[in-house]
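In the two assemblies presented below, subunit A is common to both, partnered first by subunit B and then by subunit C.
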Partner chain A sequence: MSILTYNGGVVIAMKGKECVAIAADRRLGVQGQLICTNFNRIFEMGPNLYLGLPGLATDTATVAQRLKFRLNLYELRENRRIRPKTFSAVVSNLLYERRFGPYFVEPVIAGLDPKTNEPYICNMDLIGCPNEPEDFVVCGTCVEQAYGMCESLWEPNLEPDDLFETISQALVNAFDRDALSGWGGIVYIIEKDKVTVKELKTRMD
Partner chain B sequence: MAVEFDGGVVIGADSRTTTGAYIANRVTDKLTRITDHIYCCRSGSAADTQAIADIVAYQLSFYEMELEEPPSVKTAASVFREFCYSYRDSLTAGIICAGWDKRDGGQVYCIPLGGMLVRQPFTIGGSGSTYVYGFVDANYKPDFDKEACVNFVSNTLALAMSRDGSSGGVIRLGIITKDGIERRVIKGKEVPRFFEG
Partner chain C sequence: MGDSTYDRAITVFSPDGHLFQVEYAQEAVKKGSTAVGVRGNTIVVLAVEKKSVAKLQEERTVRKICLLDDHVVMTFAGLTADARILIDRARVECQSHKLTVEDPVTLEYITRHIAQLKQRYTQSNGRRPFGISALIAGFDYDNTPHLFQSDPSGVYHEWKANATGRNAKTVREYLEKNYNEEVAKSDEATIKLAIKSLLEVVQGKNVEVAIMRRGQSLKMLDSEDIEKYTAEIEKEKEEEAEKKKQKK
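For the complex of A and B:
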């Protein structure tokens, strides 16, 4: 069994019209066994900047904490909010520092630029190679299923409400075909003036 | 799992088949007909158990023709055991053989991995069974009637499906009596829900 599939989990992020959405499942397991159904793998890194960390749960917690530390120092030095693209570079650097003994997480970043409010999404492999597409990103134990769902459901310029529906359906139908993800879902819709969090009621098997 | 009651047996199973972590089939039927009154619950390798069940069903239909009476559950379970024990090094098959016959009524026989055969009032098997041994031991009563057995099986399976990643989907039930099998499916909102954190 791969270390990246030990705890299970999946995160998806999508771009919409002047908004982004990031969603994840809530399962924490130990291989086949469920441990809890309220595990958080999405972290707020700024008012309009969210980071999802699927992968080994202990590294999810550690990387989130270490990144927050670097982010705080950045904001103290620069006296401004970090831009999502810059934050991506910080994450990438943190992961590549551990090139030969990596953190077993594959980050997903979603946010709006603090000045221009332009949507930004990014995902990386466990050693920090960034991928910045124009549509959607997925990471976790059911990437193949999630790619299939996103590719068929996503279309450009979705309004926040439509984006919520789209990302929810993509997430739920992807993790319902994965034995290691699921047991609830959580979706963050990030718009320029507010962030909406919604919990999804899903099948719990 | 399978549970005996006065007049027959209740058998039940989940409906998930996985290839690694991918759920290849989420509506599998793991309750396989051997004869009209004898069914088996399959766990372990799907290929192994399907092959064994096919061979046993074939051998028993031959038996029925020769002896001109339906085979007993004990006979069916013995045939399973012969196979599973003889090829124990090559197979991964955990089988529960349950049914009704005229001589002994409802019977449940458990044939786990090495090929032993034992009759039990009820038995559980499969990867999800490890999570519910405590529940079944605490909640089983020997004087369950048919509907009490159905509730017992449904609740047990629901709990296992909730905890085990390799179990899930719908609950498939079979109630076998002298009149044959009555099949039920419990899906969606009707599946019992317990503490979910």
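For the complex of A and C:
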């Protein structure tokens, strides 16, 4: 079994019209055995910047904390909020620092630029190679299923409510076909002036 | 920081037990622009003298009041360049502390850290002491307010209100006369006291004021707010003068 599939989990992010959404499952397991159904994989890094960290759970916690450290120092020194693109670079740098003994997480970043409010999504591999597409990003144990769902359901310029429906359906139907993900879902819809969090009621298996 | 390959100490004792380099650093502090700090019950206020800019210089405000973390703010008197280094090291320490013990720093901890750093530089090869006296203010995570002062030798003390830099003695005497429990209880009175005490030695337009209320982030007062307070202070002074005249 690969170390990246030890705890299970999946995170998806999608771009919409002047908004982004990031969603994840809630399962934490030890290989086949379920441990808890309220595990947090998505972390708030700024009022309009969210980071999802699927992969090994201990590294999820550590990377999130170390990143917050770097982010706080950045904001104190520069006296402004970080842009999502710059934050991507910080994450990539942190991961590549451990090129030959990496953190087993594959980050997903979703946010809006603090000045222009342009939507931004990005995902990376475990050593920090960034991928910044125009539509959606997925990382986790059911990537193939998630890619399939997103490719069929996504369309450009979705309004926040439609984006919520799309990302929820993509997430739920993807992790329903994976033994290691699921047990509930959580969706963050990030708009210019508010962030809405919704918990999904799903099959609990 | 890091190992020094210098082998000669610069800060050495004099025959009568003084560390002259440290005392000279304290002289450098006395030449710096005045900084005042006042601690209320639910607010801390820092005010500094703003140096007037030359004609061709851009008026971009050189901030002498710096955030070390969400709940800690610092200002200083003395060599600004030295202060930059200390502020950066303190910021890193605030984050490092948060990461390792999962608690934000207490004011006493971060002041002790800065003071220890300053002391290290009075006992190292090839280094000179930092030429700054820092005023560190903020709230601990149990919401108690604190104000600390540290000087180039590395000693630190907690204060209810203090001043450092040029004319610090005058300002401190004014604070001693006018600081009391009543002032500490009211946020507005605390802000006014800080501004009033600084105005004893500085012109009204050249002050920079920052306040931190319990549970809120740092707020720099903009020139409108400062004018409002200076106007109120002027009015109060006039009323005092009137009363005195009438008594006579």
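The criterion applied here is as follows: the second predicted complex is superposed on the first by the 205 of 205 C-alpha atoms of A that agree within 3 Å, B and C clash if a C-alpha of one lies under 4 Å from a C-alpha of the other, contacts with A are read in each partner's own complex, and residues count from 1 in each chain.
Quick note on the criterion: a residue touches a chain if its C-beta (ideal position, glycine included) is under 8 Å from a C-beta of that chain, and two chains touch if they have at least 3 such contacts.
Treat the numbers as computed from the prediction; the structure is a model and nothing was measured.
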Inset, instruction - May I ask you to decide whether A:D176 touches subunit B, subunit C, both, or neither, giving the answer as first, second, both or neither? - result: first
Inset, instruction - Could you look at A:G8 and tell me whether it touches subunit B, subunit C, both or neither (first, second, both, neither)? - result: first
Inset, instruction - Report for A:E134: first if it touches subunit B alone, second if subunit C alone, otherwise both or neither. - result: neither
Inset, instruction - Using the superposition on chain A described above, determine whether A:G29 touches subunit B (first), subunit C (second), both, or neither. - result: first
Legend entry - subunit A residues touched by each partner, larger count belonging to subunit B or subunit C: B
Inset, instruction - Check whether A:M204 is in contact with subunit B, with subunit C, with both or with neither, and answer first, second, both or neither. - result: first
Inset, instruction - Would you check which partner chain A:N38 touches, where first means subunit B only, second means subunit C only, and both and neither mean what they say? - result: first
Inset, instruction - Once the structures are superposed on A, label A:D193 by its partner contacts, choosing first (subunit B), second (subunit C), both or neither. - result: neither
Legend entry - Shared contact residues on subunit A - subunit B and subunit C: none
Legend entry - subunit A partner contacts - residues on subunit B that touch it in the complex: 14, 16, 18, 21-23, 26, 127, 131, 161-169, 193, 196-197
Inset, instruction - Report the residues of subunit C in contact with subunit A in the complex, numbered from low to high. - result: 67-69, 88, 91-92, 95-96, 98-99
Legend entry - Of subunit A, residues touching subunit B in the complex: 5, 8, 29, 31-34, 36-38, 141-142, 144-145, 176-180, 183-184, 203-205
Legend entry - Interfacial residue positions of subunit A with respect to subunit C in the complex: 65-66, 68-69, 72-73, 76-77
